[in-house]
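Heads up: the structure comes next, in structure tokens.
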Amino acid sequence: MASFNEMILSLVVFIPLLAAVVLLFFPRENERLIKLWSIAISIIPLVLTIYLMVNYYASHIPNGGGMQYEVKLSWIPQLNSYFHLGADGLSVPLLFLTALLSTLGLYYSSFTIKKRVKEFFFLFLLLEMGMMGVFVALDFVLFYVFWEIGLVPMYFLIGIWGQPKDRPRYAAIKFFIYTLVGSVAMMLAILAVYFQTKTFDMQEVAALQPFAGNLPVASLVFWGFMLAFMIKVPSFPFHTWLPDAHTAAPTAGSVILAGVLLKLGAYGIIRIVLPTFPEAFSQWSMAIVILGVIGIVYGAFVCIAQSDLKRLIAYSSVSHMGYVMLGLGAAAAGIGRMTEPGMTDSMAMAINGATLQMFNHGLITGGLFFLVGVLYERAHTRDLGMFGGLSAKIPAYYGIMMVVAFASLGLPGLAGFWAEFFTFRGAFDIVAVWAAIGVIGIVATAGYILYRIIQSVFLGEYDPHKIDHWTDMKDGQDKHDPSDMAGFEKLTMVPLVILIIILGVFPTPLVEFFNQAAETIINAL
Amino acid sequence: MNIFEFIRDPSQIGPWFNEVLLSTGMQPWVANLIGDIIGVLLVVIVVLSSAIMLIWLERKIAARLQDRLGPNRAGRYGLLQTLADIVKLLTKEDVTPDGADRVSFNLAPALMVMQIIMVAAIIPVASGLVGANLSVGLLYFVAMSGIASIGALMAGWASNNKYALLGGFRVVAQLMSYEIPLAFSLLAAVIWTGTMATNDLAIKQGELLFGFIPGWNIVVMPFAALIFFISILAEGERAPFDLLEAESEIVAGPNIEYSGLKFAWFYLQFFVNSLLLACIFATVFLGGWQGPFVDQFPILGVGYFFAKSLIVLLALMWVRATYPRLRIDQMMTFCWKVLVPVTLVVVLIVAIGARVTPDRNINAVIISVANIVALFVTLGIVGRSLRRDVERRKAALPGAYTAQV
Amino acid sequence: MTASTLQAILPAIILVISAMAVVAVDLITHRRARDVVLAGVAVVGLLLAAVAAFTLVGTTPQSVLDMLVVDGFSTFLMVTVLIGMVLVVIYSIDYIKLVGEHRSEYYAFLLAVALAITIAVSANDLLMVYLAMEFVSITSYVLVGFLRGDKRSNEAAIKYFLYGAVASAVMLYGISMLFGVTGTTNLNAVAQALAGETLAGGMRWLAFSSVVLLIVGFGFKTSLVPFHQWAPDTYEGAPTPITGFLSTASKAAGFALMVRVFIVALPSFAVDWLTVLAGVSMITMTLGNLVALRQTNIKRLLAYSSIAQAGYILMGLVCIPQAQFGLRPLQDFAFNGINGILIYLFAYVFTNLGAFAVVIAIENQTGKVDVKDYAGLIYRSPWLASLLLIFLLSLTGIPPTLGFWGKYFVFGAAVQVQFFALLIVALINSAIAAGYYLNIVRYMFLMPAEDEERIKIAPSLGIVLGVTFVAVLGLGILPGQLIQWASESAQFLVQF
Amino acid sequence: MAITYLHLIFLALAGFTLLCALGVVASRNLFHSAIWLIGAFAGVAGLYWLLEAEYLAIAQIMIYIGAIATLIVFAIMLSRGMMIGRVKMNNFQAGISAVVAALLFLMLSFVLLQVNWPVVEQAVSVDPIPMIGEAFVTTYVIPFQVIAVLLSVALVGAIMIARER
Amino acid sequence: MSATIPLSWFLLVGAGLFSIGLYGALARRNAVAVLMGIELLLNAVNINLVAFNRYIVPQQVTGQVFAIFVLAIAAAEAAVGLALIISIYRSRDTVNLEDIDLLKG
């Protein structure tokens, strides 16, 4: 019997799957049971990941962190591929984020999803499983399998429960095909790595440094991985699927998409590309940096031009994930100059920034999408021109939105600040010019957050003629005036807001997680 | 070389003639070519002229069997009747029907005649006296019958006449169907004798069984011989299998639109074909030119051979004169449901029997007995099923059937 | 004929006997029980043959009079195809019931074609190659035209026939050339005779032209572009169970023949056929996928998808490591192309038969085969929709389905030999393919149902769907044994 | 190379065969095509004879002329209406096909003449017919059995399909 | 007897027959005519096989046996093909391939 520590990751991954399979046997009509079961069961991974956070923080960070809770079982011995799971300082917080957003998403959806309930919850749990799996897989084949598993549920989440006017089917298929192209490229890259190293174990592969000294091939393989990850992040110019997908997806889908799925790509870069192909990465780092900066600036400016609130937030993700790319690119750019004094620290700083941004963006944008959903459920429109002066009508909503939006803006004291700070701090040391250009993005971000969101939605005069029917989420009736957030909506947002504030004030523990992971990686280079 | 030698052994003529030509200083291939051409001409002339006699014979015998007089005006016993007919046919107008396909219409009779000439080439008249002693002789014979069916089909189609076309169809259906028992009964003989060359077949049958029984195939495999006989009835389009012309049904078969000389060719083909089939029967099952003293005087073989062939031909005529025509479905049913399975059994018997003991004589006895047993079993089964058939019909239509089978 | 020789051809013998048994049983069974009994006899025959084939797995290669070679490669495909044929027989039951006539012949033909395929996969002589291919083809022509009253079936059959007859004749011309230059028809002997040849002057031309001529024949059977034109029409017009058969078992036979001929007999010409086939592979997958995008009839769509899949499978043959002709141990070639083909074919057989089982289930009840008729299938039959989804994902190559492993191994082979052009084409094609597979998914899950009538799954189809589902997903999650088996089987060919 | 009369026979046969073959594909009347086809078959049989393959020559006549050609003629007749009259016989790709065929011929001739065929200058010293017979029950027994099954299957299938409803 | 004739002569006849047959198979509208083209193709192959047999391995019968198999297969193929043609004629009243166009794409 394996010890609890060995089983915990498997449990985290497979409990959602188990729940999903069991769900299939529930009667379709009994929606209440389905919802209860899903939410209840999704709390188990959440609790487990909290345990992981605590346990890792308490036991392992003081001892140098590293890969923990490892389990390595024979899976396909013929391929030299193992069922190999493990988590380190990078994975654990992301697991927690996944579990949290999943639970919140399920909870929120249990109120807002009206059609095809069983399928929704089934797919959602399946998706959770796939995401969890990606964060803990330490075997390339396994990683790939989990990576792909997430694809199908997301396709359906967008396609079935998307708003018809947002062309959900188009968005879904676009999402699917983009991701598929990336993942096939990744598969080829994985195979190439395998032929070099004869193993699928990520750690072994990283230790073997395949293609070291063979830059052309290494670059090819590097881009194979990067294509997959950059599409997922999404980095400019592969971002075009994202606005469509986010806009079309149902609220919980958008939350998961923005909160977790985008992180998969960045996670892949850190977990796989950076340790395995430092040379190639360093060679191409400027390209990544530039793309990251373009993403930041371009995303931010596009946001300003949006009239659809959800689309705006979607583009803000492009911009925000640009920070991640910038940080990672900067860190990679530093690889070639590691002998310079303070360089490793700057690299660690950049990586920390990127990872923090991943986590915080998950919280913040997840929250934003929830909030957009809340508004949309009431107004049935997301056109910014239709709103105005809502601050007085729905004060609680206004308050929460303020917190989350300012966090997104990067206001000190809220979670977003630290990520941006670390990223730019690290990047300035390594790629100063590009980092400086990236700052334009911050300014533009302030612009769209303040001007487009806060001002056009909440401030100004409330015009009751713009929208005649506001749905009251408490009783489902149409009313003339908007009603404030219902209990379940508040409950959904509370954990996020609390975390945003806590992490804004006291980010140290989280930084320790990431810092340790970053240093491990940098030390191995 | 003296004349007597040729008379004793006519097969020496060919080589002698070749030598004579060569002695004139001719190129060998020219000599061969001249020899071949003369041989071909001989065969053609003999074959075609034999038809005159055959037609008279057939008519006369049929008439006598049916208690009629037959031809009796032209010449003594009507011997010149056929010549008169030929003259009539030659002077008749050569009609080509409207809408006929000229090429095929003219090609068809040529093909028909070609078939008989080609077959005639492999008939061994006496020891060594054969147009071409092909190693694949019997197969060649079977193959040639395909040409006849093509010819008939062509004639039927080209005539632009539905009766002709129906006749053509019938030809193909019948010939192709009966080709199977025909070929398989030949196969039985081939397995036993170990050769397909016609002359060699005759030679092989010269080996006596137990030193006194003639080793003819009809002795060894009487059932196979019977099957072959039935098959040549059908192949020769003779009653009771003469549905191809069936005057009462489709007027006259594929050649209905032909007249004059072209019709004569069809006519010719029919009669000569009968003779040739009889010859093949004699060759394969009756020992060909084998007979007493044939070793010393090969010329005797000619006599033996024609005697045997004529007996077979007589039998053919006899059947034609006495039996009514079958219905087409009966004809096909009989072939596929009776003859084909039975021939397969016979082939099996021969194939196994030929190897069962090392002694040829004993094997022959075994095959022979098995053949006779198979014959009687077949007769029993066929008879029973026929009786049952009649019973069933009687039950279905009481009073309609009074005749007994 | 020794006992082991007999054992080697035992599957074929069983199939012949059971084909006769089906016809015989037809005469003595009562009308009402007939369908199940006939299919039962066929299934038992096929299963027995499969068991007989399975007992051969792992035995030393057995040459049957130099005509057949029963080795790992052939037993792998034999078992695969025979099980596939079992599924074909089972899902035909209800379909053929609707046809009403000649049912025993139908099953007898399926058994005959199974026999033909068991011969094809082990043919080791050019004569047997041709004979087996024609056997498969001629039987297939009849099966395609089985619905005599149906104009589409007729048309499908005649097109299939004419293309097939021309293609096999052209291939035969190539075979005759090989015979001419080597004086033998045995594949190994051909290889030996060619081994010494310096590919200079005329030989180079001969190599090239005979390779091209052979590819015409094999290309027809495996529906490679540009010899694929028959496929869409034939797939659309044929009785749906037969379409399933054509796209799986028949194709497997074609690939088996192609692989064996090229690898065993023509290693000396490898440069030629690798080049030509690489081009064919790229064109095949691209064209198949592009045209599939435009299809509205599901059978036709699956036909083009099947063409594209043939292009992927061909990658395995194109990407055999060239060094393998110099005999290197298997360990170096966990991805040796051949095992990719085997795994791909295995996956494809089960996936596609599963997909066709769904198509048949819907066709049997509604008579409709257009993609738009699948709208809202999830409401009408969640099971069918979900199963078809899984099969389509497997066709797309999404893990953890069996189809993924097939792709994994052929792509792996290409990566191994660093055939980048091919890989890029394959990569782009994967995306295109996802487009039309998802289109079906879109109709099934995202569109409202036009007809609310629920679709029932007949028990026979249930069996097929269950088996294929378990195979596709179960073996997709735990593919180890399959990979091992395929790799061991491939070894026989690789080491020849 | 001395021209012997065999060469002349060969040339005559080859010319005849090819002429007939051209007739098959050029004739505008389907039935005439069939007749030309028979001629071509016969010419090929003659070539076999020249190659000392008597058995095959006869088999050619028996099967091709006796069976296949008859079947074809039969089929032409059974599908009447298409045979009479001079209708367009070629499809739209006839021109390109002709070019393809011509190029193919040139290419094949080139290849066939280029290759150094391992010709053995040896007379046939054995009678091939017993050898063929023996081959069928020894070396080729498996294909022999297979083709037996194939033929029965094909015939059953043909009857099944062509039977009148 | 034939050894004085060069092998290539036979091969050229085969190639000619093959090309003509291919033209027939590709260019003809009528299904039966296409079938005839196919028969020419098979004949061309058989000439090759028999000629190779005679010239390359004169003491064996490999090529002849092969040719016999081809013959038998041709018969089977023709039987099935013509059955199909007759069947389609019954349902369509035509055997022109251009008119057989229910299935398109």
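Order of writing sets the chain letters: A, B, C, D and E. Residues in each chain are counted from 1.
The rule is short, and it goes like this: a contact is a pair of C-beta atoms (placed from the backbone, for glycine too) under 8 Å apart; a residue touches a chain by one contact, two chains touch by 3 or more.
Just so it is clear, the model here is predicted, and its values are computed rather than measured.
Touch-path distance (fewest steps) from subunit B to subunit C is 2.
Shared contact partners of subunit A and subunit C, listed by label: none present. Shared contact partners of subunit A and subunit D, listed by label, are C.
When you average the Cα atoms of each chain and compare centres, the chain farthest from subunit B turns out to be A.
Using mean Cα coordinates as chain centres, the one most removed from subunit D is A. At the centre of the protein atoms shown, by the Cα-centroid criterion, sits C.
The leading chain pair by number of C-beta pairs in contact is D-E. If you average the CA atoms of subunit D and of subunit E, the two centres end up 6 Å from each other. Between subunit B and subunit D, the centres computed from C-alpha atoms are 28 Å apart. Between the CA-based centres of subunit A and subunit E the separation comes to 65 Å, rounded to the whole angstrom. With touch defined as above, residues shared between interfaces to two or more other chains in subunit E number as follows: 11, 18, 21-22, 26, 35, 37, 51-52, 56-57, 65, 69, 73, 76-77, 80, 84-85, 87, 97. The residues of subunit B never reach two or more other chains; the list is empty.
Among the residues of subunit A, none is found touching two or more other chains.
Pairwise, the chains that touch each other are A-C, B-D, C-D, C-E, D-E.
Subunit B contributes residues 29, 33, 101, 103-104, 107, 134-136, 139-140, 142-147, 149-150, 153-154, 157-158, 165, 168-169, 172, 176, 179, 196 to its touches with subunit D in the complex. Taken in their complex, subunit D has these residues touching subunit E: 1-2, 4, 6-7, 10, 14, 17-18, 21-22, 24-25, 30, 33-34, 37, 40-41, 44, 47-48, 50-53, 55-56, 59-60, 63-64, 67-68, 71-72, 74-76, 78-79, 81-82, 88-94, 97-98, 100-102, 104-105, 108-109, 112-113, 117-126, 128, 131-132, 135-136, 140, 143, 147, 150-151, 154-155, 157-162, 164-165. Within the complex formed with subunit B, the residues of subunit D that make contact are 4-5, 29, 31-32, 35, 38, 54-55, 57-59, 61-62, 65-67, 69-70, 73-74, 77, 127, 129.
The touching residues of subunit C, counted against subunit E in their complex, run 126-127, 130-131, 134, 138, 141-142, 145, 148-152, 154-159, 161-162, 165-166, 169-170, 172-173, 175-177, 179-180, 183-185, 232-233, 236-237, 291, 294-295, 297, 300.
Contact residues of subunit C toward subunit D in the complex are 9, 16, 64-68, 102, 105, 108-109, 112, 115-116, 119, 125, 127-128, 131-132, 134-135, 138-139, 141-142, 145-146, 148-149, 157, 177, 180-181, 183, 201-203, 205-206, 209.
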